[in-house]
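Since the structure comes first, as structure tokens, the remarks are kept for the end.
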């Protein structure tokens, strides 16, 4: 098991390195002076006119590309991600500030959609052909057809503006101390973000469950005189879950995509809305770095998904 | 009433409903399953033998049902009408796995790939007995050893894909025999295995029969296996048992054209390469477009007008029953 | 004691009916039954085709269906609710909302469909070409597509927008660039599985060149899944364009698209008070994408039938 996990991580490293290379090339190619990205604004502002060139030299900005790349890579490992062009803040500070908000939103949506999606899908499968099944599949179809941001707008109008049950913007208000204080702010964005993904997971888990219940070992389980609930849940569901976990892993990039939009709609102060700001203001280094982080997140999550899959299905461990 | 009869199937009819059509897969089949004896049900694919077996366990698929007939199980508490029990109800589930058990054709797909073999065998034990997990585990290791699986203490925690084909089938048999059932139904248990492994599996089953006096129902299309193992034999064709009796009765004196043709189409080891092999002409009819009366009539050399009516069961002596208007002629021809 | 009285379930009664029909001689109707069921399933797909066609026609022939000019500014009549003159009212500078939706649809549909088709053509041809060329190239392109697919879609698109600048043509190009990966992988895996089939070996034994084998014999088999993929990609791209334009980062604001029109909804006041300016557009997008999904489902059903009962 441990070997399997390590092997999975090892495979990713060359890919990540290649991506860092692309990212750095992208940063390099953009118009503008690289020094604004590498050095803090205070350092530059306090310089005498001629000292700029000396600073450039000391930061290694006149060295060949490869050296600069490795130096930048080294900085990344030390936690120095460079400086934002528009605000002058170190990018690491921005990340530290914004990441928790995005994680909160994304993880809430992930848990909600995985749970609801799989449970509803399994119920649909077990009650195939019933009205419930039909209704759920219609809701599912609608779920993947409505633009996420539009659904968010409708939710805002309905629950926040017209009914006044929930706040419609922001993550927190001054005076909020605990997580539960902030909870009402989290509800609408996370539900909206979860909705689309739930529809996809529900559909897939229904198919997977139907496939699983058609297999021979279900007949064997019944032939042992096991009660139906055990046949369905312990034998059928267990086997059906593996493809669903794989699918959820597949859908993680789109969850992040959704987060970017939802954060903007709900004025949620996370990495996503920061990203949009960066694109708007042509803040290339920040755009590049956030993109890089999102890919890293996806790849890390895919390792976790692979490990979970191997735990669920022993045949995978042979890989 | 013969006290050795464990299960008595009387005129069972099973119909399948697919594509808005009705397929009369089993159309009036009767036989007795006797204690300590092996009954072989023989026939081509599609003749309804698997369906009959599944019906005894009430494991038929959703879009089918037992139309008429009875399946009487002579349990310790008296006769039980299996066809009337709720399909997955408590009473039926008590019988499944502990009184009547089944072994399926393909052990690779019949075992759940995500659970260990030991777990799946213990599941059966724990479901029917009031034993602790530790006792069940001990029992399972004993079972694996008895079925000829080496190193059972390790094997118990392995997964089906780590077993070889023959071992998997042994594990299935272990699972089926775990609660010492009165009847063991084996649906073509060796079709997906090598011939050498086949022999081992059958030898195992024979041994179990003698040791526990289990009644065995063996479903197969292989006449060679039948000759080796059967005490009684029932030959099925397109939903009917066209001939049945003890092994000696049927094989020495076949009274139905189909049985006769089957025996003539099988090569016999030792008879040399010039032995005459007569394939049966024609093909099995479309189940949705069956001939009227006797199902074998289009392919039969003895067919005449009366065959348009389904032949009645004719008792030829002992336990030998045949469904053919021309049985006497067939008997005479076979003696030649 | 078990309940000995068997209650007739609904399924039982249906089976009784079928049995009675069968015994009275309903014989050779098998063919009729198959088609009957296929039609019923495809009723949704049929609905999808109709709605899709209606929207496409309305937008393509917009001048016939509205007499207003989508760019016509009439500040005196701004924020008008729906009326006889303006079926869906006017926006914040007096433009007719209904005509903006119709004309905007042209661009949105163009971007969606164009992107999907472009990605399919490139992805499929690349898939075929790479398989026929051999393992080396296959590995390289596979890795590359894997990397591209690890990026969240919007992130990748916006990255390219930052690099390439914001314009209609660029957006189309970007969609094709981000979309080819999925089609490529699907085409490649389908072709690889076909390659294992025996008739390919027969073709090779006859001396046909690799090129002919791949493009003339294998490619037609991939067209089914590719068609499904095109419909699903169109849906995805229409939604993406809407999201991007809503944020102001998709098609430039001068050119009306469905997403652009929704841009006004970023203003809470408009959201609250002027429903006609954003709600109809959103519904149109949803209905359009829904119809595409129905069509895609219908195609998938006919390409891969696994019906039961």
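Just so it is clear, A, B and C label the chains in written order, and each chain counts residues from 1 on its own.
The definition used in the following text is that a contact is a pair of C-beta atoms (placed from the backbone, for glycine too) under 8 Å apart; a residue touches a chain by one contact, two chains touch by 3 or more.
Predicted, not measured: the structure shown is a model, and the values here were computed from it.
If you sketch which chains touch which, every chain touches every other chain without exception.
The largest tally of C-beta contacts between two chains is found for A-C. Mean C-alpha position of subunit A lies 55 Å from that of subunit B.
If you average the Cα atoms of subunit A and of subunit C, the two centres end up 24 Å apart.
Mean C-alpha positions place subunit B and subunit C at a centre distance of 51 Å. Contacts from subunit A toward subunit C in the complex involve residues 15, 18-19, 26, 30, 141-142, 144-150, 153-154, 156-157, 161, 168, 253-257, 260-261, 264, 275-276, 279-280, 282, 284, 287-288, 290-291, 294-295, 298-299, 302. For subunit A in complex with subunit B, the touching residues are 215-217, 219-228, 235, 238-239, 242, 312-315, 318. Within the complex formed with subunit A, the residues of subunit B that make contact are 57, 59, 88, 92-98, 101-102, 104, 106, 109-115, 123-124, 127-128, 159, 161, 172, 175. Residues 143, 146-147, 149-156, 158-159, 161-163, 235, 239, 242-243, 246-249, 262, 265, 268, 271-272, 275, 278-279, 282, 285-287, 289-290, 293-294 of subunit C are the ones touching subunit A in the complex. Residue ranges of subunit C in contact with subunit B, taken from their complex: 2-4, 6, 11-12, 14-15, 18-19, 21-23, 26-28, 30, 33-34, 308-309.
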